[in-house]
Structure formats: structure tokens, C-alpha cells
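Which chain is which? They are A, B, C and D, in the order written, and residues in each are numbered from 1.
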Amino acid sequence: MDKVQIFEYIQSKSPVDILEGGVAKDCVFVRVSRDNLLNFMGFLKDNEDLAFDLISDVTAVDYYTDKTPRFDVVYHVFSLKNHERIRVKVAVDEGQEIASVTGLWRGAEWLEREVYDMFGIPFSGHPDMRRILMPEDYKYYPLRKDFPLEGIED
Amino acid sequence: MTNSLADIEEAEVILVIGSNTTENHPVFGMKLRRLARRKGTRIIVADPRKIDLTEDAFLYLPIKPGTDIALINGMMNVILREGLHDEDFIAEHTEGFDEFRKVVEKYTPEYVAEITGVSSSDIEKAARLYGSAQRASIIYCMGITQHTKGTNNVKSLANLALLCGNIGKPGTGINPLRGQNNVQGACDMGGLPATYPGYQQVANDEIRKKFEDAWGVKLSGKVGLTVVEMGDAALSGDVKAFYVMGENPILSDPNLHHLEEALQKLEFLVVQDIFFTDTCKYAHAVLPAAAYAEKDGTFTNTERRVQRVRRALNPPGEARDDWWILCEVARRMGYEMSYKNSEEIFEELRKLTPQYAGITYKRIETVGIQWPCPTEDHPGTPILHVGKIARGKGLFTPIEYKPPVEQPDEEYTFILTTGRNYYHYHTGTMTRQCMVCNFYVPEPYLEMNPDDARELGLNDGDAVKVCSRRGEIELKVKLSSRMKRGEVFSTFHFSEARVNLLTGSELDPISKIPEFKVTAVKVVKP
Amino acid sequence: MLVKINGQEYEVDQGTTILQIAREKGIYIPTLCYLERVSPIGSCGLCVVEVEGQDELVQACNTYVEDGMVINTDTPSVKAARKAALEKILEKHPLDCPVCDKAGECKLQDLVYELGYEERISHKVVGIPLLKEPPVSYSTPGIKYYPSRCVLCQRCVTICSEYVGREVLVVNEEGDKPRIEPLYADRCISCGECLAVCPVGALTENVSPLKVRPWQKKVSRTVCPYCGVGCVLELNVGDNRVVKVTVDESIPPNYGTLCVKGRFGFEFINSEKRLKRPLIRKNDEFQEVSWDEALDFVAEKLTAIKESAGPDAIAGLASAKCTNEDNYVFQKFMRAVIGTNNVDHCARL
Amino acid sequence: MTLPLKKERDEMILNMGPQHPATHGVLRLLLELEGEVVKKVVPIIGYLHRGIEKLGEERTYIQNLVLTDRLDYTAAMSNNLSYALAVERLCGIEVPERARVIRVIMAELARIAAHLLWIGTYALDIGAITPFFYCFREREKIMDMFEMVSGQRLTPSYICIGGVRKDITPTFLEALRNFTDTFESYILDYEGLLSKNPIWLARTRDVAVLSKEDAINWGTTGPVLRASGVQFDFRRATPYCGYENYEFEIPYGTRGDCYDRYRVRMEELRQSNRILKQALNNLPDGPVLADVPYIVMPDKSQVLTDIEALIKHFKIASGAFQIPKGEVYSSIENPKGELGFYIVSDGSSRPYRMRIKSSCFVNLSALPFMVEGQMVADVVAAVGSIDIVLGEVDR
């Protein structure tokens, strides 16, 4: 299946409602609500035609004051069968939690830890929710827009 | 100012009296020039010197220094005679019109022409212009106020405005152009001997109680001394210490010999400034302060607009904010006073000052607000006295003309007026460091009429000695056709020739402003 | 009055130009010589638009709208005309960007980047080599004038005659390259309006020895420290030095205008003569001391005099040059700490 | 720092790294050992974290190119390629034909150089000293070639947005031709040393096995994924730079152990060499830099004679340019696996967000799963076989 077919397939067969979606320059992108995430991701992985089985990347974007809710958690999942990628975006506000997808793809474990470390977005159900790059007792979230480039010494 | 700078555009006639606007308020002067040229607004200029603004003026009144009241009374006489005054405004909004009217009757144009040196036809022309205009504005500056009769000058201008109902409407009003960037703010903040912030009277017990509660200390109800009185009190020994912040009285005060003695007699003098000025030479302690570019805070300009001042760079060496220094001294004298930043001070002061109550840093982030602004949703007041006069009824005060205290005689033949120059500011500590200002006016000068100079055998640029009954200075002559015969002009920006050595310290009884604009002097070759 | 621009209908009242209504409705029309505060100049030809029924392209800045006019602002012929106008200017422009103070803030650079976004403006080599010409004398020492960089937009001439009213500048047609001439230099009042409106590096600032590029400086808006008009201006600060003064045209009370003191009077801020450390007079000459020592000395002396001769033996001079906050704290100091009302300042002088 | 392990009975907690010859950089492994058997592995990373993603948001797109050299510093050329492709796709820039082929040449050379370095160091980990010298002899030739085109051995920044910085010279082509002709025989030397070596087989056969399903589930890419039996390569699946026009096979293993990863990488050397030969034979002429006025700087010769070029050069160099708004995720087949760039642009000259997906980061996360329950010596073999570079893992 190519991009357009995948997108139509998802629109018709998706168990949860698609808030926003389309076929961008690089791949299909879809936005779902925070609560429907696990349900939707399960659908992507287990459905034979889609078969999004390889987790490419889990990251987040801090829109700070440009958008509320403030963060967008972005998942990129690749389908070895169709050689196509999908971008799933979920809006998360400061202090909110989001479900971890390590149950579906173990590869997301470290990726989610990095998002927690850099943005302060905790993932519920994660086997080992700790910081990964910064020291354990670090108090700040460096990739947030309001964190100065030169860092904060205290 | 009763009105604001922007609504001057709606004036049909503008009376500029005692203000060299294009030199001392250049940006506003440009606007007047533009109005005259492109909108046809008719400007009447009344000034002893033929200042640049006269190029675009509709009518120029070459008045003798110190005779303003006569001129204004003369104009009012013509307005009343020709019925150009606004009867229903006078009836509804004013009081004391009848006695005032009797006094003005005496000032016929011919009688006034003798006193002021302005032709009676010009006086009539000016009166008709001002009287017949729907909207006429009065602009004045230190030329009106720096006289022993300064207060009366202003009151007679008020009479003129009330006479024609030119108050409380755009393009009208009585508008003093305050000389300095925050002189309006300094007055608003209670930098005066008789008033707390917001012109609340020190003598009023209830008001004093309010400030005692706010500051948690007993306050004195005795009205303090003004700047010239402080000099005298220091001489007589009543005052033993001066705390001077950002001032250079050794150049700006009148009768400087008198002041020099006073400063030497002081037991203790502290000066807090950004440069080592001449006043610092007499000081016992000099404290380095931050300049305007290194401070956060607010200035209030001449149209009562409170505007934000932001810190652009760090102060040099160990210079600190003025308020920090004062708080530290206060703490060491047992009164705990400390603030995190200037906004905290502003929050405290706006609660005590009714006119500033509604102004906050957030509200004036981009554009300033003009006080009075009682509440936080109040948009500010561009024009005062709208609808009705603030004090209820506009008061006509009959004022008789009296000649200036010091008249020229056979020994001191010239009248000296002092003032400012376009390129320099106040005591020159700032502008004399700047290349462009120094390029044009590097040294002190005495403006003189070419014929007077020829009679004295002087030509342009000669060194000359100017003496008055109080002192003498040496400077260079600058011939200029702007000057009338028998009158000379100089500025107080230069420490090497302090013109205020010549000026007297007779004060206006109410405003306590010295007579800078009229001093009898003689001019001799050194 | 009804007007159609790019297929959209707009209600317009009499006497507005095409450019004004376009800007109001957010329709982009590039301009170089247009200056809001003065009457349209129409010398650069960049703002041309197509009006149906007229075969010639029309300058949007000085063409008044008529009822039923149909205007297109981005047809191919309009774009080509804009590029041609820009090309004519570029042909005579020296390759001074690396040494020009205005580079990075230059309107010509912005226009070349905007109009040449997709593809080149001119298909042949344009511009004249780096001339390294020294600046020629101008009507005020505060401004350096490089005639070779002038694009003849005449903004300076118009603002000096119409807005400031000094009519110092004229356009000198002779010679190979017409240029601006400060003919009546003695009338110049160094207000720097010409410097402020010059879109290119022909007129550049000549006061600060330090020059910085736009991305190396911090701009903070403050109020001029001189006369009572209270002009709002922006201090451009690079490496803790004030480098130049710019103005935002939309802010009252001065709406983008300044005088010589406001524009060029900033050197005192970084002057070497600034007071840097507290001084105390010891046996008749001043010694630098620490803050603590100075403050203790002042506090002691004032307390001593206050106790011996009473609070009214102390007088204070506040300052019309300090901020409201400073003055408030000063009079509070004199009244609450010293206990006297002997507070005044130079409002009377 | 509190140790996330609890010590019971006679267990020993061993710190392997961050300063350790076999951790390929500053990886630190916390091993809970019971005798020789590894009970638990907790990798601790971050010692080389420079905040490249944060830096990316503060610098312009042109300046960020230089950051990408420092990710997988053994194959800097292909990092540049991945970043350049991402920005080009965001702006919709078409790169000239000649530049595409040069890019393929440089990417494959980088792959060979990275694999040679891997073989050399991995053999050292296992104890074989000799292969290191053989491999670095060829790698040195590639380093010289990089220096010929870009003046830099390790951080060339040669592939830039819009093409490549400079055209390749005939001397470079001659050096490449010599290299590709002789390289086949050298591969046989390496294989002669290792492929049938009993110690090598003993240390790598059935060590750190990752089954096909686990490899996919752990999100591994590159040689690690192929060794577990998945015949998948981004150059074939999502072709870029014209890879679809080249014939090459995708080697894959069956048992997913360290030995298969070694076999896959050796085979990839041959395939890369084949691609290089094909690229050499049909190298088209023409420009090497796209003419995109708003982001690609004009040639220096024009800048000194043409005012328009000078202005464009000034605007782009001073970061006063704009590119279209939008977001894009683009990735290539790096020697270690998928190197992806997710760039969000707000239309200004600085990326609003620049996310770097590193394959080593994800592959390394599978290490505990692979080695728990095995011997300590196997941990060294496992870490080496995944082929990690901490520059890319920590960013």
C-alpha cells in the first residue's frame, strides 16, 4: 500500500477518531487524542495490512507559548511490509502523563526515557521511568524552550 | 500641560510666549513649523529675541523682557473691546470676571505699546487673531516663569484662556513646556518642600497621617525650604548639611558667589551623580550613580505621560542605582528600606499618589499613560478640564503690571536674559561630552546686536567681560540679528563662564523662582 | 467607493492611495522610497501594480483609488517590472556590503532577498566593484555620507524639506551619477532624520567608534534624558557600549522623530570620566573608598548633624534627571529617615 | 548517585566503563554478576551529551550542518547527507545529477571506512590484534580521499544543503579507481584472518542472539536487524540519491548472533565496493550545487563581482534568510542503521525543533535483553557487535 491508500485505510478502519491527518511531503501524519493513543497504536501494529512493526522514533516538541496544550509527543513508526512510515502526534500539556508504548514496541523504552529526561513528560506504564542522559538528580528539562542555552548553574 | 502634544494639530491659532520651542523642545518645534507651513495654523510668537520659530510665525511681537503681563492685559483689553470673548463660557464656568474687567480696561494698546515696545497695531492684530479663533492654544516656557512675577504671568495667561473659553477642548489650553526629561515626574513625586507625592499638602494633618501610616514613622508638618532659601539658610548656619542627587547647583542656581560661600560653610555635603561636577568640588562625599541608560524606571514628560525607562547596559565600575544608594544609607541610619527592583517602588508610590494609582509597568509596556489615571482600567487623561474646570469655576485674577526688579541704568546699560541652547542641556555635564554638540557650540558666548557691538568697538568672536552688580564673567561675543538693541543673551551650560554669577536671587513670592530673564549688566573689553 | 484587488472587493473612502488600502488589508506590495510621514515620493518604481483599463503599470504609492478600479498586485508583468526597477538600482550600486555599516539592516538587501527569493533578479553581472571611496563631507559631523551607495530614493530630501522644514538637501543632477547634495548645510540642525530614513548605507552614523552588526546588538526602548518632550527612542547596545540610537515610528509622543541631543547625544554614557567608585574627602583631596566605608561615613555624618542641630538642619536636592522611583525614594529618605521637608529640585531653575 | 540495583548474597556489582577499552567511547555498563554469569546489565549513558538538539535550535540551518559531523564521527559524510536530505525535502530542493552520484560515492566510502574501523576494533575486543592494522591501512586511503575533496579527514562537512561544496578532482577519481580495483582482494585478507578462526568462532557463534521478532520489536535497524534475518535496507526500501539505479544485494544472516553481524558487515563491504564501481562508470557532468537563491550561497567567484550574489551571500551567512514552514522526517541507511532527522520549521532561519533519531541509541537499548544470563566475556563481544558510537548515542 502507498501513502494515500494507507491514509484512507486508517481513516476508514481506525478504532478511534482522527483529530487531524493528511499525507505530508515525507509520510502520512495523524493526530489522535491522548487517551486514544494506546488503542490507536495497537491498531497500527496488529493490523496485517498496515503492519507498523518497527518503531523509528519517539520524541516531543515544546511549543511553549505558541500553542496550548504546550507539548506535542511525536511517534514515527515504520512498516517493513509497506516500506512506509507514519507520524502520530499527541498533544500533551505541562504536568500531564501519557501512556507508554513499550508494551507494543520494546524499542520505545529508551526513546521515552529521553523524552521524559529532556521535556519532563512522564510515560505511565514505563518499565524504568528514569532520566537517561542527564544526571539522576538534575532538576531541569533542557530541551524546553524556556531553558537557556547556556544552562542554569545553581 | 492642560492639553497634550498631539492635539495641538487642532489649534487654529497658537500663541507661543516665552518659549524658544525650536531650540529647547526641537521635536515639538518641528511640529509647530509643519503646522504653520502645511496646515496654515497661524502662530503668534512673543519673545525678546527674534527666535528661529519666527521664520514660520504669522505674527512676531518683539516684546521687552519682563513686560509680559502688560502685553497680555493689552490683548485682553482689545478682545473685550471688540466683544471677541466667549460670554456664555465666562458666565457658566468662571468667577471674578467683573473686578478683572475693570483692571484690564486701563491697558489700552497705546499704553501697552510704550511698556512692551510692541506696536499697538500688532497688539490689536494678535488679540483679534487669538480672540476670533474657535480653538487657540497657549504655549509657554521658562520665559514666562523665570521672573519675580512669574506666577502672575501664568495667571494672566490663564485669564486670557478663560476669556475666550480656550480650555478643556483639543487644540486649546495653557501648556507649559517643562524643561527637563523628568521635571514633571520629580514634582509629581513630591520633590517639593510643601507637597508629598501627588501634590498632597504636607501641612494637611490627615494627608500626613496617611503617609505616616504608609512609612511607619512620625513626619514633620513644617513646610521646607526651596532651593534658593536653602542657600541662604546654609549661609546663616541654620542648614548644616546638603544631600544633592543628580544636581549641579554651582552652575544652575542664581547668584553663585552667594551659593559658593554657603557650600563652603556647610559641615557636610554629599553629592550623588554620574560625573565629577563642579558641585562635587565642594563635597565631602561623592557617590557614583547609574545614568538613565543603566536604570529601570519611569519618566513623566511635559504632557503628563508616564513612560518606561529600561536598562540598556551595565553601569560603569561600581556605580549603582540612585534608589539603592539611598536605601543603603537609610538602612545604616536605622530605617529599613529596601526594594527588589524599581517596579516594587512604583507599586508602592502609585498606591500613595491618586494621579498615578491606575498606572502599572504592564500597562505602559509599549505606550505611556497620561495621568491623572485613578483606576487600572482608566485610559489616562489627554486633556484636563474637559466639560468643567477642575476647581469648579475658573478664577479671573486681576493683575497689575509691575516692571522687573532690576532696571538698566547709566552704568549697567544692557538687559541680560539667560537661557538654553539647542545643542546643550542644563549644566552641560552630558552634552559637552558629545562630539556633535561640541562641534557646533564648543564654548560660552554672548549674543549681541551688531550695532551695539559696533558702538563698543567689538566684532564677532572678540573676548568681552560682562559684569553685573553681583559678579563678572569673560566670554566671546557672537553678533546676531536676533537681538534687539540694548539686550544681550547668554546660556548657563558652561562652567568656564558661569552666567549665574551675574543673576540676582530675588524670588517670585509664591513660586520662589529667581529672576533669570532680566539682569542689568554692562559689557566691556577685558 | 468599491475597489477590487486581486479579485477581492474592498470598501474604500475617497483620497486613499492603492498602497494605503493594500497595506491596510495586508496585501503585500514592496516599496523602497515610500515614507508614511510625508507625501508620496514615487522615485523608486518598486510599488508598481496593474490597473485594468490602463496599459501602463501604475505606481501604487501615489495613485489615488477610483470607484470600480480593478487592481492586480502580483501578475507576471508586475513582478517583472519590480525586478527591472530593482535591477536598475543594483547596476550602479558598489559591492560595499562587507564594509558598509548598514549591512544587515539595509532595505535594499531585504528587497533583493525578497524579490530574488525564487530566482535571480538580473541575469547578468550587476553592481560596480568595491570602490573603497572615503566618505565625503556632509552637513553635520554626526553623519558619514557615501555618495556611491546612494540609490536616489530622495527620502532624505523629502523629509528634510517637508517634515523637518530645513530644506538642506537637494538632488544634484550633473556628473555621471546624480546624487544628493547638502547645498544649504548652514541650515542643518543635525536632527538626523535623513540618517534615520536612509534605506541604504549612503548616510551612516558617525559618532560611535564601535560598530556592530544587527545580530551582535541588543536594542532596548527608553526615554530621551534631555528635554521635556520625552521622546521615546531605542538604544542599540553592543558589548556594553551604546552604538547608535534608532526610533520606532509608531510610538507617541515623537512618532519616530528626534533632535540632535536625542540622536547623537549618547557618548556621555560610556565616557571615561564617569564616576566609578565612591569618593571621600580626606585632608582635602578625594580618595576612592569601598561602598561600605562611604555609606557608613555618610550615615554617621547625617545622623550626627540630625541629632545635634535637628532634622531641619539638613536639606536635600532631588533631581529632574532621575526617574520617578529615584525621586520618590529620595523624598521618602528626607522625610521619613531625616525627618525634614527641606526637599526641592531644579524645577525652579 | 543511588545505584538502581540491590545487592544480595554473594553478588558483585561491576562498573564497566565509562573509561573502558571495549566500550567504544564513554558507555558505562553496571553489571550485577553472580560469579561469571551476568544477572543484570544497566547501561548508563550521557557522558558525551553535548546537547546537539538544543544547539540546533539556536543556530541557523547552515551552521547546523557542522554539528552533524560530530554525531557518528566514524562516518561523518553520511551524517551530512541525512541532514542535507531532510532540509532539502523540507524546502523542496532538487539536487543536480552529478551531485547525487558524488553523494552516493561519499556515503559508500563512509560506510566502508566505518565498517573497517568496526572490524579492526571489534577484533581487538575479542583479542585478535592483526586485523586492526590491515583494516586501518585501507581506511587511511579513504581518509586521504576525504581530505582531497574537503580538506578534512574526520569532519568534512562536504555534503551541504543543495549538493556538495566543491566538485571532485581528477586526482580524486584516480585514487578512487585504484581503491575500488584493489579493495576486493583486501577483503579476502580480512576474511582469511577471521572467518574460519576457531577462537573467533568460539567467541562469536551463538553469542548475544537476537531473534528476528525481537530484533523488530526492539526497533533495531542496520546490520543488527539484517543479521537477525530481516532483509531490509533503507537504500532499497526508501531509495534516495538515486540508489534505485544501482545493483547491489542486501546481505542478511540467519541466527542473529555476533558472527552473523560480522558476516553481514563483511558482505556489505563488497556491495559498497560494487556500488562505487558503478558510480565511477557513469558519473555525469554538470554543476554540483543547486541554484536555490534563498538558502544556497552563490559561488565565491560571483560574490566578489556581482552585487546580487554578494547580498544573497551576506543574508544567508548572517542567518537572515527564510525557508518554508512545515515539518519533515527523513532518514538514510547509515553504517550503523537508520539516522533520521525530524525537523520542524517555523519559517525562520533557525529550526524550531531538530530531532536526531540515532540507530545506535535504539540498538544499544536491546543490549540487556541480549546478554542477561550469559558470561561476562560475552558482554564485551555483544557490545562490540552492535557497533555503537557514543557521539550519536548521547548527542
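Note that contacts are C-beta pairs under 8 Å (C-beta built on N, C-alpha and C of every residue); 3 or more make two chains touch, one makes a residue touch a chain.
Values in this document were obtained by computation on a predicted structure and should not be read as measured data.
S.K.: From chain D, which chain is the farthest off, judged by mean CA positions?
M.R.: Chain B.
S.K.: Determine the chain that sits nearest the middle of the structure, using the mean of its CA atoms as its centre.
M.R.: That would be C.
S.K.: Any chance you could check whether B-C or C-D wins on number of contacting C-beta pairs?
M.R.: More C-beta contacts join the chains of B-C.
S.K.: How many angstrom lie between the centres of chain A and chain C, each centre taken as the mean Cα position?
M.R.: 48
S.K.: Quick check: how many Å separate the C-alpha centres of chain B and chain C?
M.R.: Inter-chain centre distance comes to 29 Å.
S.K.: How many angstrom between the C-alpha centroids of chain D and chain C?
M.R.: Once rounded, the distance between the two centres reads 51 Å.
S.K.: List the centre-to-centre spacing of chain A and chain D in whole Å, with centres computed as mean CA coordinates.
M.R.: Roughly 24 Å, centre to centre.
S.K.: List, in ascending order, every residue of chain C touching at least 2 other chains.
M.R.: Not one residue of chain C touches more than one other chain, so the list is empty.
S.K.: For chain D, give me the residues that contact two or more of the other chains.
M.R.: If we look for residues of chain D contacting two or more partner chains, we find none.
S.K.: Going by the touch rule set out above, what shape does the chain contact graph take here: line, ring, star, complete or other?
M.R.: line
S.K.: If I apply the definition of touch given earlier, which pairs of chains qualify?
M.R.: A-D, B-C, C-D
S.K.: Flag every residue of chain C that touches chain B in the complex, lowest number first.
M.R.: Those residues of chain C that touch chain B are 140-142, 162-165, 189-191, 207, 218, 220-232, 235, 237, 240-242, 251-254, 257-262, 264-271, 273-281, 286, 291, 294-299, 301-303, 305, 309, 311-349.
S.K.: Which residues of chain D touch chain A once you look at their complex with the stated criterion?
M.R.: 1-2, 4, 45-46, 49, 51, 53-55, 58, 89-90, 92, 214, 216-221, 230, 232, 237-238, 326-331, 338, 340, 342, 344, 352-353, 355, 357, 361-362, 364-366, 369, 394-395
S.K.: Chain D touches which residues of chain A in the complex?
M.R.: These residues of chain A touch chain D: 24-27, 53-57, 59, 61-62, 74, 76, 80, 83, 85, 87, 105-111, 114, 118, 128, 130, 132-137, 142-143, 147, 149.
S.K.: State the interface residues of chain C toward chain D in the complex, per the touch definition above.
M.R.: These residues of chain C touch chain D: 90, 93-95, 97-98, 103-104, 108-109, 112-113, 116-122, 125-129, 213-215.
S.K.: Mind pulling up the chain D residues that touch chain C in the complex?
M.R.: My answer: residues 291, 293-294, 302, 304-308, 310-312, 314-315, 318-321.
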